[in-house]
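Structures given as structure tokens follow.
Here subunit A shows up in two complexes: once beside subunit B, once beside subunit C.
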Partner chain A sequence: MTNPALLTVTDLKTSFLTERGPVTAVDGVPFTVRRGETLGIVGESGCGKSVTADSIMRLLDEKDASYSGSVELNGRDLLSLPETEMRRARGSELAMIAQDSMSSLNPVFTIGNQVIEAITVHQKMSQKDAYRLAISLLERTGVPEPEHRMTQYPHELSGGLRQRILIAMALSGNPKLLIADEPTTALDVTTQAQILTLIRALQSSSDMASVLITHDLGVVAEMCDRVIVMYLGQVVEEADVDALFDSPQHPYTRGLLASIPEIDGDRSQPLNVIAGRVPTLHDVPTGCRFAERCDFATDKCRDSAPPLEDVTLETVDMLAGDATPRKVRCWNWRHIPMNTSATTAKAIR
Partner chain B sequence: MLIFVLKRIGALVPVLAVVAVVVFLLMHITPGDAAAVMLGPEASAADVDALRQELGLNDPLYIQFFGWLGGVLTGDLGTSPFLGESVAAALLSHLGPTLSLAILAELFAILVAVPAGIIAARRRGTLIDQGFMGLTILGISVPSFLLGLFLILCFSVGLRWLPVAGYQPLSAGLVEHLRYLLLPALALGSMQAALIARMTRSSMLDVLGSNYMKTGKAKGLSDFALTYKHAFKNASLPVLTVVGQTFGSLVAGAAVVETVFNIPGIGQLIINSVDRRDLVVIQGAVLLIAVAYVLINLIIDILYGLLDPRVQVS
Partner chain C sequence: MTPQPLLEVRNLSKSFHGRRSGDAKVMKAVDDVSFDILPGETFGLVGESGCGKSTTGRALLRLIEPDSGSVSFQGQDLLKMPRKQLHSTRRQIQMVFQDPYSSLNPHRRVGVILDEALKIQYRLPRKQRTERVHRILDRVGFAEDYYYRFPHEMSGGQRQRIGVARALIVGPQLIICDEPVSALDVSIQSQVLNMLHDLQVELGLSYLFISHDLSVVRHISHRIAVMQKGRIVEQGPTDEIFSNPQHPYTRQLLDAIPASHPRLARERRTALTTPVS
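Then we have the complex of A and B:
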């Protein structure tokens, strides 16, 4: 790969002070995003996906959250920037589309006010020019009647339109990296497809990279080049999207893939689920964090935590030709038999 | 917006109708004969009869009501047999000091409490926050007359900076006017300040944790713009409600402070009228206060509509 890394996250740890003591919501996460690439971050609720996103942009209240590790964007470590410089980077070098379009726009200001503000906070220009730029941003994001929308308030727009407005605001500074935190979760299915198509079109017309956070594996298959799977604050598997769906290595990834219901599945059979539930961050297991829910767990798994190790080409024959490194955090990945999850994965694509 | 305002005003009609009926009945639900109550136990039967005649108490209730309502609508609230002047004139002459005092107290409260509440919210959990919130507990628990006496002791008796009591109208000059009103306004406003500060803090905390604040931060907005533009406009709505309520109670309930500082306001008029059993004046004052409350709420509603466009829809 000649494409250099745009974002390199190394050993990112994010801890919170809570009433019940400190918790580490993101625990040593590494990944890289190259120019123009889309990286998916998947996992169940509470696995640290959103905290990872917030940490990259340093959106958390630093009174009770602390970061360690590094988040290098174009070689500059964001975590060690002073707040004033970080503020300049937000919205210009990297931008975010928030999860809930309903509540992510300020209800008491017009759309125009909020879009123009996103422009003028980073770019010196007259109100007139900013207005024109705002209109063109709304046009680019497929907002009908942009002049009229500018005068409206968020509550007068549909969820899909609001998400387009949020995307328009995020694009206002021509960011190199777009972080989309479950951008379609709150939308209905047809709107979801439109928004995803829009994001992909916008990305292909620039060399913007994106980090797409989702729990929807269908969205991952549709949008991403590479995927990291998170479980309880850690990365358990990283792979190209095709490789991940073809040959998931970690038992958790397999469980996730197997739990997708099939559209022509046998309805008399119960849905596949991963037994048990995610432990709380106050009560992190000493061994593998997934061990107690894992069908293949051994004593070693329960006693000591596995590292995130490279899956090498020799060891997985079916990965021949795969250029990017795969990683998995499991003691036994070599010995776990392939199950039906791979076929399930093919079915959903 | 105009439709919204007209609707709000329209909604007042039934409220005012109820107010009118209740205030009118005040005269009739007082135990015993109103005229006899007003004149006291030593009055002769002839005097009582004469007053009954004068007040129209011998007419059927509905005639009395419409007669009274007609008077109210044309600004005639009756004549006080004790003051020898019309109730409207008496209320008007006492309204000035009360309004001056209430406005000054509320201004003081807002100017101190809103910044304090915002700072406390932004520094949540720090010593500054705890200090401010401790002060608000003090502000809520110390009765206004006690604070008033304490202020007199410090600034009038001790330092001799300000007059002990009394009132000078605005026509005597702004400085003189304020010199007399400063201490009572502080005494009266401290509790309002405490309430407003607490409301500002909690409503800012709500807003600071909301998703659109995250969006704003992700846009690269400064802390200042986030706090004072995005957060405060949203947080100001509940604060506005408290301001409205407290202002209503300032107009209505300044009696204690007016007495401590000997200010000839509505509160003092009511207390004196109660002493004299001057039911006509009491009736007028209650009506005035009720209408003031209703009007203040109207203004608050309209401000709500201006601040939050969603209010106009619902």
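Then we have the complex of A and C:
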């Protein structure tokens, strides 16, 4: 079963010119997304997950941002497309929904105006047909009373409804790839559940792939097939979603998983704390970027940067069958005792 | 024998009216809310945005003046207190806010921010105040030189620890924490939660912990109240609320929490889509 890759990102680097000198916010990120698959990108603020999304869409101002590497969608490198062609690709081949639905919609135009615009930008059709298509898109995304909504303004709708409208707009060009950047972070938990269910349903009724960017490992557990974990601009781990939760390999991933209060966790235990703070991009460590916060760091970790190593064959569970790609960026991952969360590791020491 | 509550809230209500006078639209933000907080206890107030949980927290301290009800703290009704007495009662009840970026004055050094909080409540010679500021900084895990830092030189988690230190410095018995970790990354969030827990054990503090995050509330609270549209729909010991929710809204909230493992997520989806035969 070889599902061909839809999106192949190779050695993506995104740098910005800042007043304090150049910084590389995304530093050599590789991943692939196959047809129909959902890839999660997780990490904390500043890890580069949103810049990765913006780079794939090429939404950054190219006066201060520069890209290198390649982002191949269906074999075509988006990074080397002229802007006019990139424009055509956005919305029709790949589309994006952002976190803040209020600022993604124009406050002075009606919903109808904006949905119809999204349609007619990419497809030649009459206003009447576009209107009909808009209504059917709103129906598909579960917007009640679509005719009435078309006449309303963004501020008249709830956050959940606005997010549905944005999803409808993103779907209008039948994209092959949907990039969702924290699509439910601004929503209440019950609304979040509805939106996640909607995205899932829309995906299963087409072969649309998605990249889901989130800081919330619960959302990852609900939605993703595979996951990459980012830290300070780099991928530190890639795994199948079950494998990531069952046997996280990178100390950062382990620390992250142990930091979350789980809804069915042991309340009497203190939560894990990842000591220290994320270094700034102006001050990237020479060795492993996580070393100074890591309980398992050795001199080697502080001196030289570990590569993102393919460990698929070493970690594959023979009984489970199919080997899914697994990568870890750590010198010592083999020596960190399994089934030991970072908290208990501290206690052992 | 159950201990005497530290705080007794009875039938607290607060409505907001439309912008124009005579506007018929009345929003009952807090509607007949009653609960107790025991000494040394964390009482969690949970609900979705707009349910009135923050308004409740603010109404207790009269940061927003409630319409009716009573808030009895150590036997005295805060709502009937003259302003001056209320002011000094705030030594006992402090608040920690959600956003550690906007709740600290960006022009003041950390030491000055903490000193100011102390000065408002106590007339103490400068030397004693400075000593106390240093003690509190040490207590929330900062090295001495943080006294001279500005908020912008600190991370979100560090700032929130300063927010907690500012509440602690006047020696309160109850701290109202309004979404204290919502703006923080998970690894930082756990630092603040653990610190709040340790302080409680050490100092016997009570918390009113207001949050939309059920997992966080569950982790830190002894008892929980669930709010919806201004009313408390259910309250009880944490484990009972989570293992045996009575109100349909509580159940709806609990069902909406993302699973902690992808396998659990799949099981739940299968359970939902398999028709009962």
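Convention: the second predicted complex is superposed on the first by the 321 of 349 C-alpha atoms of A that agree within 3 Å, B and C clash if a C-alpha of one lies under 4 Å from a C-alpha of the other, contacts with A are read in each partner's own complex, and residues count from 1 in each chain.
The rule is simple: contacts are C-beta pairs under 8 Å (C-beta built on N, C-alpha and C of every residue); 3 or more make two chains touch, one makes a residue touch a chain.
Quantities reported herein were computed from a predicted structural model and do not represent experimental measurements.
Look at subunit A after the overlay: subunit B and subunit C fit there side by side. By the document's definition of touching, of the two partners only subunit B reaches A:N106; subunit C does not. Touch criterion not met for A:D129: it reaches neither subunit B nor subunit C. Shared-chain residue A:R87: touches subunit B; no touch with subunit C. Computed from Cα centres after superposition, the angle at subunit A between subunit B and subunit C reads 70 degrees (steps of 10). Of the two partner chains, neither subunit B nor subunit C is touched by A:E72. When the two complexes are overlaid on their common chain A, residue A:E117 makes contact with subunit B while staying clear of subunit C. In the superposed pair of complexes, A:H155 makes contact with subunit B only, with no contact to subunit C. Touch criterion not met for A:E292: it reaches neither subunit B nor subunit C. Once both structures are fitted on chain A, no C-alpha atom of subunit B lies closer than 8 Å to one of subunit C.
Within subunit A, no residue touches subunit B in one complex and subunit C in the other. Considering their complex, residues 124-125, 210-212, 214-222, 225, 230, 233-234, 307-310, 313 of subunit B touch subunit A. Within the complex formed with subunit B, the residues of subunit A that make contact are 54, 57, 59, 63, 87-92, 95-96, 98-100, 103-109, 117-118, 121-122, 153, 155, 166, 169-170, 173. Listing the residues of subunit A that touch subunit C in their complex gives 44-45, 188-190, 192-193, 196, 215-222, 224, 241-242, 245, 255-256, 259-265, 267, 270-274, 277.
If you check the complex, the residues on subunit C that touch subunit A are 48-49, 155, 157-158, 185-191, 193-194, 197, 212, 214-216, 218-220, 238, 242, 252-265.
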